[in-house]
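Some structures are shown below for you to check.
Common to both upcoming complexes is chain A, partnered first by chain B, then by chain C.
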Partner chain A sequence: MRGCSNRAAHPGHRLADVAVALRPDELARIRERLGREPTLVELHAFDAQWSEHCSYKSSRHLLKKLPTTGTAVVLGPAEDSGILHLGEWNGERYGIVIAHESHNHPSQVVPFEGAATGIGGIVRDVLCMGAHVIAVADPLRFGTIDDPHSHQRYVAQGVVDGISAYGNAIGVPNIAGDCYFDSRFDDNCLVNVVSMGIVKESEIIHSYAPRRADGWDIVLVGKATDPSGFGGASFSSLTLDAQDEDSNKGAVQVPDPFLKSVIMRASYRVFAYLRELGVAVGFKDLGAGGIMGCSAEIVSAGGYGAKIDLEAVNVAIEGMRPEVIAVGETQERLLWVVPPAVTPELLRIYNEEFTLPEIAYNARATTIGTVTAEKRYVLRYHDQTVMDVEIDFLTGSIRDDLPFTEPTVPAATAERPLVTGVQLDELIERVLAHGDVCSREPLYRRYDSVVRGCTVIPRGAGDAGVLAPVPGSSLGVALAVAGNPRMSHIDVRLAAEHAVYEAVRKVAATGARAIGLTDCLNFGNPRKIEHYNDLVAAIDGLARAAGRFNSPFVSGNVSLYNESANGRAIPASPIVSCVGAFNDIATVVTMPLKSAGSVLYLIGTPQLALGGSVLLDVLGRSDEHLPRIDYDATIAQHDLMYAAAQARLFRSAHAIGNGGLITAICEMAFAAMRKGRASIGAQIHDAWQWTHGSVGDLEAYFGEAGGFLVEVAADDVEAFEGLADDVTGVHEIGVTIERPVLVVDDQAFDLHRLHSIWNTPLREVYP
Partner chain B sequence: MSARIAVLVFPGTNSEDETFRILRDCGGDVHLVHWSHAQTLPTFDAYVLPGGFAYEDRIRAGAIAAHDAMMDHVIAGAQAGKLVLGICNGAQILLEAGLVPGTAAIRRPTAAFTGNGPVPHFVCTHVYVKLAIDPARCAMTAGLGHDPLIPAWTANGEGRLAASKEHLQELEDGDHIAFVYAHEDGSVDDSASPNQSALGIAGLCNREGNVLALMPHPERDAWTLNHPDRRRGAAMLAPSGGAVFFRSFVGALQ
Partner chain C sequence: MRRAVAIGLKIPDNAAYTALVTLRRLGIDVARVERADIVRFADAPDEATALMAAVERDESLYNPNKHRVTVLETDAPRVGEVWIVQDNVDRPVGWRLYRSPDLPADTATLTQAAERLLCNPAIERAIFPK
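Moving on to the complex of A and B:
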């Protein structure tokens, strides 16, 4: 016992009464290690730090399977974000900082604030690496939204508005995202957020106290600490119980993008000052576990301890309990570890030059503690020690080995082409109106996709968003997200492989070369064996696909317990984002068809496997057979995409995904429609001519095995076919024409009519 | 010595960097001036108010910023004949400050950019704007030539111009309607406006022609790489489209 006299929890205190999620065996470990009862502050600290959210206790050892190294990796998954090497310009090496996480639980309870703080948090993860924040992306999974008065509709609207309000205000363009609607997300939506930054590799700031930091200052920056977000880490590590709705709401933080906008700009100024000094410091985002979690991790990662004075913390209201100040998750806060000589200028920049105290009530930068050589974590409050523990015991990896078995995978059987008796015209219309296919414009037009003036492909103009992130240079970066819940309930391992393949494919469709990945693994309760099985299998699938595509994971996040009190869990949802690089942004390829008289090629091979497809969904059928990924052929196809883009042989290109080839053609034509401009349509040869009967028409037109549809100008056909000579799966399938119609074999469909069918469904939800 | 341009940064401004870059690339001697350095503003010859959410758009977009100390200097400069350009949030601030159309007292707005129609949501979409005045009417549009069509992005929640019937009449009679929304082919009709703005108004100027408020962002379609219909093999880093507007602005200072 080291003087921890304050507010010891009573022996035998009921854990439920102090609202912590620690399990009895975990509490016993703490008691044993401390040799006494933990204080209330310690109880809450361990509760946060040992939550699944902070500790990854049931997933960390599994995640070791993912490939995390490679020539493009500047920083793998160890700190707040990963960093990939983008390229060189004027003798400087530039890195892309990338982070990906979820804000699922908060968004289900209070959608606007939950989603907004998701953006706020992910942006800080990127900022604290010393980067300028250049983009966000938002993979979303909602429940069924048909009923205008349903909570699901309210969630779907509130989430989009929250992302829009926050991202737009801080001036970071939203350049990528996807959105699925599925009743299995009725009780638990998924709000994943991705953020990207640009940094000179020589100017990276790390999320740990650097060497010789003993005695350095710990400086807290940002919003005054308030009781919002108290218990957030353990909240997101529990299943959602409607009865606890009020206490759940209290666990959600309050967003302040206005303050964040100023903090970001002030931090950029601090980066410039540190560059002049040439001094290494530590900088870290406050997320789960608040001041305690952040300060403990930043010093322990450097091999130190810390002594923090909770009274020095700028608070929003008086009389807050020390455990609330210590672990509350108030938004818009960051933490610096700097030499004392740097502190005055740091405080001046935030407090005087950028006037933080005038921007939000009692917001400021303030010194709250000291880095210590002794590896203990000590919190003081009103002259009393309220926490004093071995720091490595607090932050060290705890591990839960949970039982799992191999998930059963549907056996491959000989299949036959699908025959429906439904007319092609009806199928096209029903597929285009499907919730996973129809236009996302009503949703993404609420996002500022072009602020910062660096956007090359905004939302809707390509499969990936593309930026020119270094003004004046020809470097370019692409970002795409993927993860198909219709596939994951059939075979989660293969669905995870498809998530990687789809993200890589979308990046390849813009002419970029994939350089790295991030993931967010959204699953149900890992203590139920079926969900843990899924998690194990998904990580296996991600590892396999990432290895084959030579794209390492550099950051990621695990979100478990996406389950309501009645036991309804989400479909296993491994969601992947992919970063692509351009040496010369002039080689970028966009999605809209460019001119009549071009030749259309399919690069990819349709399969006799419609499992998980939109087509089967609209037909009300199910099938256990997902398309397989032929990695050798696929990698050759991606190499061809890159080579042809480098040679500037594509007029337009689109990755084939939800709704298959026909949907891809329609989307390319829709994207080219503009008032006062000649329409471009397409004429597709009868599928037999290019499948030679290997699959049926429906598999050819609506199959979701992947691949690309590309437009090649007539003059470039010879050059393209030369490049494609040795690549399997390249099929000439048609031409572009000067009329706004899609001709398939001998049937013609009015593209304006199809556009209206595709464009309408989400307008009611996002007017 | 060339004329010095100040790009103003209010708390909440978010488009200062790209606005700075295009003015610099068009040959301007341009400087970012931050709210805690407001006292330096009188030494500048022209002011550009970029986009963003100054003071969080509290009350109405631009309403608080119009009363910021920085605006005292901008108002004094405008009254002395200096060029003042506001884009998006900057345009909203100029209207709230009463500098545009400038037909009533300072800080007594007669028109405002308000919640978009038909639904008051943020809208981000590519647009074109067309000059609706004689180029010589405003110093900063004089270099645009006849009938120019400028590509831009609209990205705002409050971009719909609203005013009473009398004040709209005043805008027309006083030749204040500097820019209207147009289609890519230059045609103008009701469907060209992304937000049901009155009279299709995208930009307004004051009587003297030295202050211009433009709602969409030409600086976001100012380099070839930004433009959705760039030609294959085009020089991606070259100024294009929206840069024409800023070249005219910088030209007016020389």
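Moving on to the complex of A and C:
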């Protein structure tokens, strides 16, 4: 037995008294393995490392179902980020680094700081792969915000402010995202964050200690460690309740984007220095579990142990307890594993060339420990060993096999009556004003989506954000997010499939080819079988859709316990992001209608099923059936999209989603208005002509079965129809006209009036 | 009666630290900088505790997880404090400077700090203690 001289946790100590979330059975296992009482530092270390957030103990084995390999996969979900092959330019292979996380609980309690540090954390995940950070995205889910004095509105405003304040300050464009408002998020908002980077594949840095790293230095970089964020990992895995807000405040993480901006640029300088040396090193973000979690994971992933001297850590407050230094989640920190010969220059770059100590109090790069061949994790403080455990037991041994019911595939949609008894003119305005349809511009206009100067499609101008990330090259990358909570309420498995389908569809609408996915799985308490069943079903659906679309998952995150103490959980929320690639960025397709006289095509097939649609929400009706995904037809349609974009046959395109076809047409016209083409309208043929009665008019106009609406110039119709000849579900549905109206069923709707209705609802919330 | 409260951060204030470092670089001798949003009430309760309670109930002003509220004695900057007011916005930012950990800065120091860093004369004006 190894001896530890730090004060042991008393055998009869109530875990809650030392603010840890370990379960009694987990503590018993630790005691048995150590052969003694754990020290307080060990108790907090296991608490963080065995939390759901760090260990994925109840989901890791399920996630193995997801496809994670493919021709575009450079690095699957094993490190801080995944990497997808973008393309080649001037003999160099370029990879897109992509990561996806949540910062849900912190954002509910302290919205600005919680959301800002979400961006800060995800950016570090990308940076530490040796990448230049090129974009962020933000899928958001908020509660109802009608009451201006409600906590939900406060959260919705604070989160957006936090994201913009941080992202804008570090100079990274926010190019994609979505936002839903739903009362089931009243108690627990969802703040998911995605970040993307670009790296030459020959220059990737890994999140593990490389070969022959025994005796190498462990160097901590960044902000001085302080008590902020102490308990953050276990906090993110505990049920949140308003009554606990005061005690939770220790978990508040404080953002410092200006320091981060300098750390990023200093790290880019270090990357260049390491390239000159040609030496492989390890680099990792400090997230959940702080110094302990990061240093243990980076050495253990390389097959090593570590000895850390906590006194060497730069701290903001003297006299901090060792468990706080070890586990606290102070922001803006990263950790290197480098040969001792490299350390002096690395310290010089951060501390002298980029003057970290002058930017934030006691910020710096400093050597805090050593990689050891012996696979133990040892922490020393004041000449005492305060932690000494088998590193593999700490980082890799926890798993919860929770009971669940195998997901079943719901029966195929039965024939049902068409929606009748409502008029089109009643619906268009109500749908456009719906919280999940109306313009997000008041929200995203706070974000800088063009900083860095490589944005091709900024936020709001297309279904996906598009960048030209390699200066001078023709390579392009698209990023989109998706996940519809109205659907997951009805059928989680199929909703997860739709999340993948929608994300891939949005990327395809820009003319890109989907190359890979990330996910964030936001669910309630997994120890309640209904929520765990949802998680199992969602993963099943994600796996099925990703497999069919040949789009592997390369990174992701699981956020569980999104539930209040009163048992109110969020709706199951599998949220997906999709990366698309362009070999030739000139083939990009944008959303605004371009000119009158074009032909409009629907690529997709309307369905009777309206479950989860905005249409039924505004009508106050329900449907237990979600639209099915006909994968064979859909994949052929996506291939058509790519081929037609390559042939430059589209003048504009839009993925059909919330609010259906009519909303898509309006959004394309509204986008044209923003471009100064305010006189372009559209005339839609009678729905019977293109549905042939397979669905009713309202299902055709407002159904959310997916598909695309594309604008083809009259001169290109023959070429397009030639490409589309063997593809099912391609329908000519109308034309663009030189008049700012939408003509449907012989009724003309003023597009300027519709724009005002669509553009107004969020202006009060985000003035 | 007209009263004001200072709503500061109890979590680390990066902006205040940046101001401290920058003022020192500019050669202005300060040991500590505190920053707070100043919220002024035209018709406030007489009792400071009642005003404090009212502020703490308003989530748009106060989050217990990050804020600290101080009811000010008067509707004017305290000793060692300069208020920076943006044109057309009645929500000053109060910067309280200290020459030593407990000694508030004098008016000359405040003036220098406002002129050289804290106040943008194109859109803001500084209000000093009387």
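A few points about this structure:
We take it that the second predicted complex is superposed on the first by the 747 of 767 C-alpha atoms of A that agree within 3 Å, B and C clash if a C-alpha of one lies under 4 Å from a C-alpha of the other, contacts with A are read in each partner's own complex, and residues count from 1 in each chain.
Throughout what follows, contacts are C-beta pairs under 8 Å (C-beta built on N, C-alpha and C of every residue); 3 or more make two chains touch, one makes a residue touch a chain.
All values reported here derive from a predicted model rather than from experimental measurement.
Once chain A of one complex is fitted onto chain A of the other, the partner contacts of A:Phe258 extend to both chain B and chain C. A count of residues in chain A touched by chain B and by chain C gives the higher number to B. Once chain A of one complex is fitted onto chain A of the other, the partner contacts of A:Gly676 are limited to chain B, with no touch recorded for chain C.
Within the superposed three-chain model, A:Ile359 lies in touch with chain B and with chain C [touch as defined at top]. Legend: residue contacts after superposition of the two complexes on their common chain; A:Ala545 is shown touching neither chain B nor chain C. Shared-chain residue A:Leu754: touches no atom of chain B or chain C.
By the touch criterion defined above, A:Val110 lies against chain C but remains apart from chain B after alignment on the C-alpha atoms of chain A. Touch criterion not met for A:Leu190: it reaches neither chain B nor chain C. Contacts of chain A with chain B, set against its contacts with chain C after fitting on chain A, overlap at residues 258, 358-359. Across the interface of their complex, chain C is touched by residues 109-110, 113, 149, 151, 154, 226, 228, 245-246, 248-249, 252, 254-256, 258-259, 316, 358-361 of chain A. On the chain C side of its complex with chain A, the touching residues are 11-12, 14, 17-18, 21, 59-60, 63-66.
Note for the complex: chain B touches chain A at residues 9, 11-12, 14-15, 17-18, 21-22, 34-36, 51-53, 55-56, 118-119, 121-125, 153, 155, 183-185, 187, 191, 217, 219-220, 222-223, 225-226, 228, 232-237.
Residues 164-165, 168-171, 257-258, 261-262, 265, 352-355, 358-359, 444-456, 458, 461, 468, 471-474, 585-586, 588, 590, 592, 648, 651, 674-677, 766-767 of chain A are the ones that touch chain B when the two sit in their complex.
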